[in-house]
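What follows is a group of structures, each given as structure tokens.
Okay, so chain A shows up in both of these, paired with chain B first and chain C after.
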Partner chain A sequence: MTGAIRTIVAVLAAAAALYAMQRTTPVYSEITSPVRTNGQQGKRVETRNFAIGIAKVHLARSIDAPKSGRPHSYTTSGVWVIVEAAVQATNESLSLTAAEWLGPDGTRYSMSQRLSTLPGTPGTEQLEPGVPRPMLMIFEVPESQLSGATLLVSQSAYTPLSEEAAVAMTEVQTDDIRPVITIKRGGGTLPWVLEAE
Partner chain B sequence: MTTIEASPRGRRAYWLSLAVLVVALPAAMYVHSDGGVVDLIQETQAPLEVQRGEAQTYSGAEWRLTALTRLPGELPETEFVLAEFEAAVSDPAQFQAAMPCQVRLTDGEGRRWAPAFLVERVIRAARPDVSEKPRCLNFAEARTGDTIAMAESFVVPKEAKDLTLSLSLKGEQPESLLFD
Partner chain C sequence: MAAERQSTLRQRLFAILVAGIGATAASAASFAMAVYDAANPEPIAAIDAGVQIDTGKWNVMLREAYLSPAPPTGIQPPTPTTFLTVEFDLENRSAASAYASTKLFTLDPPVEALPDFYLERDLWVAGPLNPGMRERMIATWELPAGQTPPHELSVMVGSQIYKRRDNLYGASGWFDREPAARVTLPVAARNESIAP
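And now, the complex of A and B:
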């Protein structure tokens, strides 16, 4: 009798374990998702392959920037978020091509394609070990997604298990939204120049 | 509770199954790695070290590093490194099949630099002869006896020391040459 009870308990335990495994099986995108390193705005965040530090965050209702060599005004129904950062490859030359603004409700915003060709934006330059370089990231987000956001920066949005820096944007001045910020082509060490009105 | 005694035949089958697993598991990993295991083994192989100025047969050519020159960089605390090397072709088919080559600059700390995308203005002004040399990409017209002079440029921090140049061609053994 005891043997029969043991058998039933073992079968039930196995069925429960199988059910639990079936319900918690990760999907492919979860298995291959980026390897995240968490950090905070204002501090250096070091992943295995690169390091990043957020220098400044500017908010604007409109951006004036060159388009095909002519001045152009980019308006938005939300807010422009302009992030100035310093990045550096750690051990090997690489390019950082992906950046996302992860809003407080979990919504992800990719970099604005309207301003993706400006100098210094991700993907426009190869990063070298030991040579820190400035990087400019521009997002177009609703005003409700400014506070409590996280900046995600990685080598590629599609490479499995790529390194990703997740920077908690704790010092965004949501009450300081400028009407217009002008982005001009820079020179020397800083590829761009920002002017706020 | 009753204990079931395994027969000698059952025991033999049990141990045989375990022994088969020892072979079957690595074989399955190898097959499903889709060449990844071979790549991993090749990556762990030590490169063939070559003294600067000396020639080494590799992938249908005699390879030689002719110069590794440092120039002032455009960015603060950086330098350009110009790597000039040449290949005297002995087997054009093998040489062309292995192209393009992967060139990396490594320092004493193990940091690795890939060549710059473009030849910078500073290099064109200081060394126009080098800036006109082709990169190690594709030489479909190569013939036996040709000596092809190539160059790559790198951006490194000033403090980078003990630089060596590695040159790798796909599918070749050893995996790479390391010019000291």
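And now, the complex of A and C:
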């Protein structure tokens, strides 16, 4: 009798263990997900390979910027988020090519490809260690995803276990949405100039 | 003792036999169902233009088809080319920005070339579409020289399924499935010189 009970208990325990393991196995994207360094808007965030600080965030309904040399009005059904940041490589020359706006509900909005050729946007220049550079990141998001978002910046969206800065965007002025912001090529310290109407 | 052992052996044989018959019946039934499904495919729903189709990853609404001598960018190709152009609305239902897949539409009559997707807002090559932000899109297929442009176009809209773990790596992703719908569009000509 004891033997039978022991067998039943052993089988149940094995089934429970297998079920628990099956439910908790991390998926591939979790195993290879970027290594996150958390930070806050307005403060310097240091990952192993680079440092980033978010300076200003502007919101607009429309962006005027050149498109293949001609002026063009970039409209959106949501809101344009223009993030001005400073970045710096730590140990070796590198490029930051991936930026994502992680909404409060977990939806990911990648950096807009519509304006990815503007000077200073991720992927347009190489960073050298010790030389801080300005960086311009532009996202197109629905209005509901503005507050409580996190900005994710990394060297590449595809490299497994890459370093990623996760900046909590706590000071986005969601009531200050400009109708039009014009982005022009800058000449001085900043490679771009923003003009709000 | 001997009788007891013989009885156990008989019981065991019986159990193996029952299990064997059960397993055979189950695999035969499963195989028969697979064969039956393959022989009798579900008819693909015919949907009108202007009706939204839920394909899994996307909400698609086809609008119109026409022939054009230039892509939506307006940049004329160096040699005269006919672009089979389809306008549609596209909304990303997934949780991350994604490019429209070239496998989203299958045309009948078939066109060998892969489509190019353009964003109507910019009349420029479309980047990834953001979740929940519906956009007017333009797809173009470059017709090879000599191919007669069709008067009517049947567009098969593909569907996708989300798998939290795929069978190879255990990675999450969207996978193409059988078509979700078929939409028939008349092909208009935007330029008289290339009317079908």
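Methods note: the second predicted complex is superposed on the first by the 181 of 197 C-alpha atoms of A that agree within 3 Å, B and C clash if a C-alpha of one lies under 4 Å from a C-alpha of the other, contacts with A are read in each partner's own complex, and residues count from 1 in each chain.
One rule holds for everything that comes next: a residue touches a chain if its C-beta (ideal position, glycine included) is under 8 Å from a C-beta of that chain, and two chains touch if they have at least 3 such contacts.
Worth saying up front: this structure is predicted, and the values here are computed from it rather than measured.
When both complexes are superposed on chain A, chain B and chain C end up sitting side by side without clashing.
In the superposition on chain A, contact of A:189 is made with chain B only, not with chain C.
In the superposed model, C is the one of chain B and chain C that contacts more residues of chain A.
Of the two partner chains placed around the shared chain by superposition, chain B is the only one that A:92 touches, whereas chain C remains out of contact. When both complexes are overlaid on chain A, the residue A:131 reaches chain B alone and has no touch with chain C. After overlaying the two complexes on the shared chain, residue contacts for A:3 are found with chain B alone; chain C is out of touch.
Of the two partner chains placed by superposition, A:21 touches none, neither chain B nor chain C. Between the C-alpha centres of chain B and chain C, as seen from that of chain A in the superposed arrangement, lies an angle of 100 degrees, given as a multiple of 10. Closest approach of chain B to chain C, taken over C-alpha atoms in the A-based superposition, is 16 Å. Comparing the two interfaces of chain A, the one with chain B and the one with chain C have no residue in common.
By the touch criterion given at the top, residues 2-3, 91-93, 126, 128-131, 189 of chain A touch chain B in their complex.
Note for the complex: chain C touches chain A at residues 95-97, 119, 121-122, 124, 127-128, 130-135, 164-165, 169-172. Touching chain A in their complex are the following residues of chain B: 1, 75-78, 110-114, 116-117, 154-157, 159-160. Across the interface of their complex, chain C is touched by residues 25, 27-29, 67, 72, 74-78, 106-110, 112-114, 116, 140-142 of chain A.
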